[in-house]
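Labels run A, B and C following the written order; every chain starts at residue 1.
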Amino acid sequence: MNRIILGIVLLFLLIFPVFNLPYLNTFLIILFMYILLAESYDILGGYTGYINMGHIAFFGIGAYTFGLLWNTGLSLYLSFLAGTLAAVVFAILISFPLFRLQGAYFSLAAFALVKLMEHLTLNLSSITHGSDGLKVLEGNRMIPMYYLSLLLVVAVVVVSFLITRSRFGLAMASVREEEEIAFDFGVPVQRIKTTAMVISASFAGLMGSFYTWYTIFINPSMVFGTEMALMPIAMAMLGGSGVIIGPVIGAVFLLIVEETLWTRFAYLHTAAYGLVILLVGLFMPGGLVRLRPVRRFLIRVGLFKEL
Amino acid sequence: MLEINGIEVFYGDYQALFGVEATVASAEIVSLLGANGAGKTTTINTICGFIRPRAGTIHFDNTIIHKMSANKIVEKGLIQIPEERMLFPDMTVLENLQMGAYLGRARKKLADSMDWVYGLFPILQKRQSQLAGTLSGGEQQMVAIGRGLMSLPRLLILDEPSLGLAPMLVAEVFQVIQKINQEGVAILLVEQNVHQSLKISNRAYLLENGSIAMEGRASELLDRDYIRESYLGI
Amino acid sequence: MEIAIQLVIAGILQGGLYALAAFGLSLIFGVSNVLNLAHGEFLMLGGLFCFLIFSATGLNPFLIGLMILPFAFFLGYIFDRFLMRPLAGKKEHIRLMSSILVTLGAALCIGDVTSFLAGAEEKGVDYSMPSFFWGDLYISYLRLLAMVMIAGLTVGIHYYLKKTYTGRALRATTQNIRGAMLVGVDTSRIRSVTFGIGSMLASIAGVFYVVLLSISPDMGLTVTIKYLCIIVLGGLGSLIGSLVGGVILGLTESIVSYYNPHWGQTAAFLILVLILLIRPKGLFGK
């Protein structure tokens, strides 16, 4: 059942550009980007319980590294690779100090890093061009970007799925539930957390690279901004953190809500959008997918995999 | 003054208590005995309003308390000294004791109660400006009991007060409990230290796997073969 | 030399201002374990109402600030009562997530509604008081008054927490919530009161903002993040920690900005991250 549904959805998405609907195409690219960010956030946030409010830093670092290197004439693929690697290296570097922290401390310190990155990119203008932003070679890349980001979304979902079925996934869950006990039982807690963060960062870094390539222009607030940082996290929580399909549903839901509000209301769409987030947090703790009817439906079609 | 009628308590799907019945009359010392995991702490946390029973009732002075919030129950004079002590680690001993007299009734008698507590535990007076988090385990237990007394209990519930204390101190704690009782405070004593508890108690209940397996006068229980074999190791 | 002193004074004032708002956030976190992402909105609202009343009456803005305190308290109280209390019984991890969603949603809402009703532009109260020279030092009464008020408030909070029963109950709840219940503290009421106090402190800080700097409806999240960083820097829940954290950040900003205006904020975050690397639980954390 779940294979059939997934197959149909995927097939539809694969042939979608044929219909030549640029507006929807662009919308879907943004959607894929948010799904990827939410889902990759959740590899760390949902499975180990470390709410990484600094996830967007990986995205931004990927975006800037790619842009800067590609502009020096490095080949496209090497630049993508470099963007990803930069995010991974950053993840490894910060994982040591950050994972000495727990709970809210961890989340906030990670967030502070995003702010630091934002300010640094603003101020190191001899390299990054500061608030003027970074431009790369122009070109219409809608169709290739569509497929690349779709591919990446499929990849992150598959990786999440493999994680939930592996010993590694089990170890992550043990960190989330009782870190100290897990440690006492010989789970290599630090390594698990770092690995999770690296996987999570690599997807975000690559997506960041794609993003720069696609939009041609980035500036610090586009990739490190506060709302940009918080939205994927809100999406993951809203959909259902720790369930594979959760962040996907959260991203789809929130983006559709936003799009609808923007086209329907001249004013107060942000307020309405905030209200939706608030109400979900208040009445559906655990997210949309853990609502009883939704959950029952997802279990029936075999899409409710949680760790 | 305390009547527990057939309470059933669950943690999620796991049932911890099966129709527990017990009473404590005023000025009595009653022991609640049982092995690890028998459900003693669960019983008293239910009495104190931290857990809601799924069935059954609890009355204190003929009012229903199993639907009241924990702070309302404290106001009625039903005070628990928990096993984990739950002191305020960054407050001084004095401040911890003062917090015991947080509610109006006790606040008015603060000075008297303070004398009472310092009389029972003279060492606390010497330590009064030390932070509670830096006290030794035994001293912390004294502060915990002292803080409970500051609330002017009418029924004092102690959860394993002798846990982790040296034998000397254990004897002292049992003496203090008797002294408190002599001031007219009813006591519900949860213990694994079966012999000593029975010696100071009027009556006792034996909890096994979440239900009352045996009850009776303390002196009588001390002589029962089952208790002697299983809990006293004689 | 005069410049150095002037910078230090400006930094301390800035830092005191930060500390004031940050401390409210820190109290809230200590009592309820909630990262209140809407804290900056209370600050913005405090500044906004001061601005509106000032525009209408021309009263001394600090006086207005005192007048709106009860309303700020009430606002914080009901915020907790209706938005946070329903989450109280949930599992730790779920609660942290729900509280992020609820406070983030509330922040977006309040910011946007405000900008719709009161206009999106920056607002400042143009209130001046005489200034004087003390030796070679240029001192404005306005800033002096602000400094005195901030110092007074800090001392006031300190005594409130140390000496009053409610203040003590608040600390007790922070240190051991179960213990607080055992002595009869109504911890849900204390939590609401703490939100009220936090909101009061934020709104007073907002008044200082609107007088000394400026406010705008979309500033909320940005300042919240800064305050969250300050309390992490100082150690969550510690008054002295917020004060020191605030002053460190304020001094860094004012001194670095003097040499290069763009680098002030950057340096502040850099210092913050560095301190956290050395002392993961903050300067005064345990």
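Here is the rule we go by: contacts are C-beta pairs under 8 Å (C-beta built on N, C-alpha and C of every residue); 3 or more make two chains touch, one makes a residue touch a chain.
Protein names from UniProt, one per chain: A, C = Branched-chain amino acid ABC transporter permease; B = ABC transporter ATP-binding protein.
Note that this is a predicted model, so its numbers are computed, not measured.
Of all chains displayed, C has the C-alpha centre closest to the centre of the whole protein C-alpha set. Here the two chains linked by the largest count of contacting C-beta pairs are A-C.
Chain centres here are Cα averages; for subunit A and subunit C they lie 31 Å apart.
Remark: subunit B and subunit C have CA centroids separated by 42 Å (rounded to whole angstrom). Rounded to whole angstrom units, the spacing between the C-alpha centres of subunit A and subunit B is 51. If you check the complex, the residues on subunit A that touch subunit C are 49, 51, 97, 100-101, 103-105, 107-109, 111-113, 115-116, 119-120, 122-123, 176, 226-227, 230, 233-234, 237-238, 241, 267-271, 273-282, 285-286. Contact residues of subunit C toward subunit B in the complex are 165, 168-169, 171-172, 175-176, 178-187.
For subunit B in complex with subunit C, the touching residues are 48, 50, 69-71, 74-75, 79-80, 82, 86-91, 95, 98-100, 102-103, 107, 147-148, 150-151.
Contact residues on subunit C toward subunit A in their complex (touch as defined above): 29, 33, 35, 83, 86-87, 90, 93-102, 104-113, 116, 221-222, 225, 228-229, 232, 236, 262-263, 265-266, 269-270, 272-273, 276-277, 280-282, 285.
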